[in-house]
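Some structures to go through are shown next.
Look for subunit A in each of the two complexes below; its partner is subunit B in the first and subunit C in the second.
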Partner chain A sequence: MNIYIQAASQISTQEPLNEKWFDTPSYPDKILNESIDPDFKAYIPVMIARRMGNLLKRGIVTSVDALNKCSLNGDNLQAVITGTGLGCIENTEHFLNAVLDNEESCLQPTFFIQSTHNTISSQIALFIKCHGYNTTYSHRGTSFDSCLLDAFVQMKLGLISNALVGGHDEMTPSYFTLLQKVGYWKNTPLTDENFHAADTRGSISGNASLSMVMANMKVPYSLCQMRTVEMLYAPTMQEIKAKIDCMLEANGMKLADVDAVVMGLSGDKDNDNVYKNIMSEVTRDIPVMCYKHIFGESFCASAYGVYTAATAIAKKRVPSHLLYSSRKEILNPRNILVFNHFHNIDHSLILLSCPD
Partner chain B sequence: MTKILVTGMGIISAIGVGKTPTVQSLLNGKSGIGRIKHLKTKHLELPVGEVSCDDEELKIIAGYKSSLPITRTSLLGRVAIKEALEDADIDNRRPRKMAFISGTTVGGMEKSEQYYHDFLNNDLHNDYISLHDCGACTDVIAKQYEGKFDMVTTISTACSSAANAIILGANLIKAGYVDAAIVGGTECLSKFHLNGFNTLMILDTDKCKPFDKNRKGLNLGEGAAYLVIESEESMLQRKIKPLCELSGYGNACDAFHQTASSSDGEGAYRAIMQALEMSGLSAKDIDYINAHGTGTGNNDESEGAAIMRAFGNNIPPVSSTKSFTGHTTSAAGGVESVISVLAILNDFIPANLNFSEKIETLSFSPVKECVHEAKLSHVMTNSFGFGGNDSSCVFSKL
Partner chain C sequence: MEELILELKKEIIEVLNLDGMTPEEIDENAALFGDGLGLDSIDALELIVLMEKNYGIKLANAAEGRDIFRSVATMAKYVSEHRTK
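The block that comes next holds the complex of A and B.
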């Protein structure tokens, strides 16, 4: 049985709910980069939206947009699987501040209710009235990857035939400040030109809201086929290499069949060195695609890696601005490997192909 | 379809560190709910199911010798996983491929709330910043066992997190991704969620009374529990004795309200029916239901309605062991799965403490006294979370 990505929808630092970024990206010019939000009213009734934080609204709008593209709704959708590294952190901070400032008295429940990590996934289900499988992964930089694995495995087992998977994270100014103290962010913004040149720790922050529909049937608008999803824990270089070989072999492919490898290069030297080692030891001459220079870094940034690869396959080219070393546009990419890691502990490998 | 077997378990909660004291407390009707000892809160009027050890004592039990900071959530997890791995003799007989899947929602909040002003104003406790998120708590537990796990992830579906970890683990084994998985959850008490539940006015200021007509709410608890589950092939190859089978599970969404459950228990009903269907069992085959049974007005009525819909005239004995442990939130699905398996292995049905009067709309009352010499073939355990994240698991005697 083959599994496909049918549609995707995003809200980020790029123009929302479309793929303009693919040809004419804007380059984030701050360290803490805000999302460009669409007109939420067009998707969520004002009375309902009023009680929702921005992250939740983004989650619902990208979900509804992706589902609409495949004529899916709460009745025929079988799973809502959501990744979020921090959940609705804005609400969490509101409630935490209230608990601390008011010394545990005179508290309102609203922010607490919408602070749990599964708020997004369950509110999506509530909004579209979907009683299907529903879960939330919160595992740092592989939260979204875990969603793909869950959906993929359940489809292989025949438990579900479609799934809405999403990666949603927001960065608040105060959480940004905390993470800056522990080396997550640069002190000055990066430009497209110097993005990969810095020899310092830290990246630039961007929010992530990305929803995708996966299904086990090919349709004319399928973006790509998802051949394999693998997660690894603290692997050695040898283990990564062996895993790549193994997943290619299982698909009757060789390394030479891979047209590009997507890597989460973020401008953070520790993070990037892991990718650079893979380039020199494993993937060698295969062109490397990157995406964090236009979408920024977040716990769910890896969703944009998969999205970038899926979009490139669907649009039958990889534009030069997405390429890392060689900047020669790739035409008709058939197979793209998405490699992601977080702190060199949690890793994922996702192999996408042309749907035919 | 691949059989999923339970080959090891570890547990820590208010009723004991480890399986043996847990069984003793359950058999003797000894609740762990009492006054707050360790949590730094002013709500000392609220009874909780707190683990009796402080962090330093937990470090000793967990064998945590590092000077690196660690959150209480991770410490509880380390205590439970240590027992589970020893129980399944993982060190000496390693499964070929193994996953670690842990549920948590509080994560490092208990330390963040203590040091939040320091985080913002000075550099005294910066180490805890990176330990705040859910995934960090799991990674800190996993780190001790680097080289053992092939993949690690974290589930955060509030009070059903651990149950959903069990479900993912079982699916990964069935799909051949791994041969074994350590699944469950860990959660410590925090001022954050104690106050959160308190603002929702669902905390009883007395000991909770699940399924009682006059129930006033839940008591929060803390703890951790993990099960080692593996394929039959892996179990045979490792020559290890299985404890029981995970014969079925289901996950559905109530899609009704962010914090309230529907009156007909639609999500719970679907999860229960899926679990029954997967296990190939019918309602009359289930010998005991370890209910979610929080003791809130809403949950017990909704869960009761779902049980009535699913079991009709064949409602088996039902009890909520949250009357012993308190509601261990993200760990609850693990704690109660371990308790369910312990009930199968030790032939008893744990009591539902503090019950006196039946809920009028329900056709059943919970088990008031511990039933000894109960031969249990199939036990169902329910875990429901905020957002209508409802899951149900069935464990079967071998």
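The block that comes next holds the complex of A and C.
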């Protein structure tokens, strides 16, 4: 049984709900970069939206947009699977600040109700009236990858035929400040120089809200085929190499068949060195694609890695601004490997191919 | 009382996040729940918190709340009679 990504929709630092970023990206000029939000009222009735924080609204709008692209709704959707590193952290902060300010009394219920991690997945399901499987994964930098694996395995087992998967995270000023104190962010916005430099720490922050529809049936608008999703815990270089070889062999492919490898390069030396080791030891001459220089870093940033690869396959090219080292555009990419890691502990490998 | 009614309307708009609504659009005699403003049970909890936080009124009896939260006018009457701050 083959599995396909049918549609995707994003709200991020780029223009929302479209793929203009693919040809004409805007480059984040701050360290803490806000999302560009669409007019939520066009998608969510005011009386329903009034209790929702921005992350929840983004999650619902990208979900509805992705489902609309493939004519799915709550009745025929079988699963809502959401990844989030921090959940609705803005509401969590509201609630916890109120606990302190009001000495643990007079606490507003709305902030409490919507401060949990699984609020997003459940509110999406409530909004679209989907009574199917509903789960949230909160595994820091591999939260979205865990969603993909869940949907992929369930489809392979024939338990579900389609799924809405999403990666949703927001960065609040206070959480940004906490991460800044432990060197998570750069002191200056990202430039071509400090992105590629081998000795600088930190990256730039973005917000992530990406929804995609997966299904076991190829349709004319399928973006790509998802061949394999693998996750590894604290692997050695040899184990990563063996896993890649194994993945490719299972799909009748060799490393030379991979047209590009998407990596979560962020400008942070500790993060990037892991990828650079993979480049030198495993993928070698295969062109490397990057995406965090336009979408920023967040716990669900890896969703944009998959989205970038899927979009490149669908559009049949990889523009030069998405290439890390080479600047030569790639035409007709057929197979793209997405490689993501979080602190060199949790790793994921996702192989995408042209859907024919 | 006029002043208190206006104050309550502003607080209700803020605490319930009634985006785009103005105090003038809320009829102080219209029902807050059901057909009127269309509030629900979570809003009722928010209003209970509002009463305690802003006016020092603790509502312990749920049946009593039904009469108090009938409209902005009934809320204002109760607040004016029972407020401790």
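Some observations on this one:
FYI, the second predicted complex is superposed on the first by the 352 of 356 C-alpha atoms of A that agree within 3 Å, B and C clash if a C-alpha of one lies under 4 Å from a C-alpha of the other, contacts with A are read in each partner's own complex, and residues count from 1 in each chain.
Going forward, a residue touches a chain if its C-beta (ideal position, glycine included) is under 8 Å from a C-beta of that chain, and two chains touch if they have at least 3 such contacts.
Note that this is a predicted model, so its numbers are computed, not measured.
By the touch criterion stated above, A:7 is placed in contact with neither subunit B nor subunit C. Of the two partner chains placed by the overlay, neither subunit B nor subunit C lies in contact with A:351. Contact with subunit B, but none with subunit C, is seen for A:126 once the two complexes are overlaid on the shared chain.
Look at A:107: by the touch rule set out above, it reaches both subunit B and subunit C. Residue contacts after overlaying the shared chain place A:148 against neither subunit B nor subunit C. Partner contacting the larger number of subunit A residues, of subunit B and subunit C: B.
In the superposed pair of complexes, A:163 makes contact with neither subunit B nor subunit C. In the superposition on chain A, no contact is made by A:88 with either subunit B or subunit C. Touched by subunit B in one complex and by subunit C in the other are residues 107-109, 113 of subunit A.
Taken together, the subunit C residues at the contact with subunit A in this complex read 15-20, 38, 42, 45-46, 49, 52-53. Considering their complex, residues 41-43, 100, 105, 107, 109, 112-113, 116-117, 119-120, 123, 126, 129-130, 133-136, 138-139, 142, 146-147, 149-158, 164, 167-168, 171-172, 174-175, 177, 191-193, 195-196, 198-200, 251-259, 266-267, 270, 385-389 of subunit B touch subunit A. Per the touch definition, subunit A reaches subunit B in the complex via residues 74, 80, 84-87, 92, 95-96, 99-100, 103-104, 107-109, 112-119, 121-123, 125-126, 129-140, 142-143, 146, 149-150, 153-154, 156-157, 159, 174, 177-179, 181-182, 231-234, 299, 345-346. Against subunit C, in their complex, subunit A makes its touches with residues 46-47, 49-51, 102, 105-110, 113.
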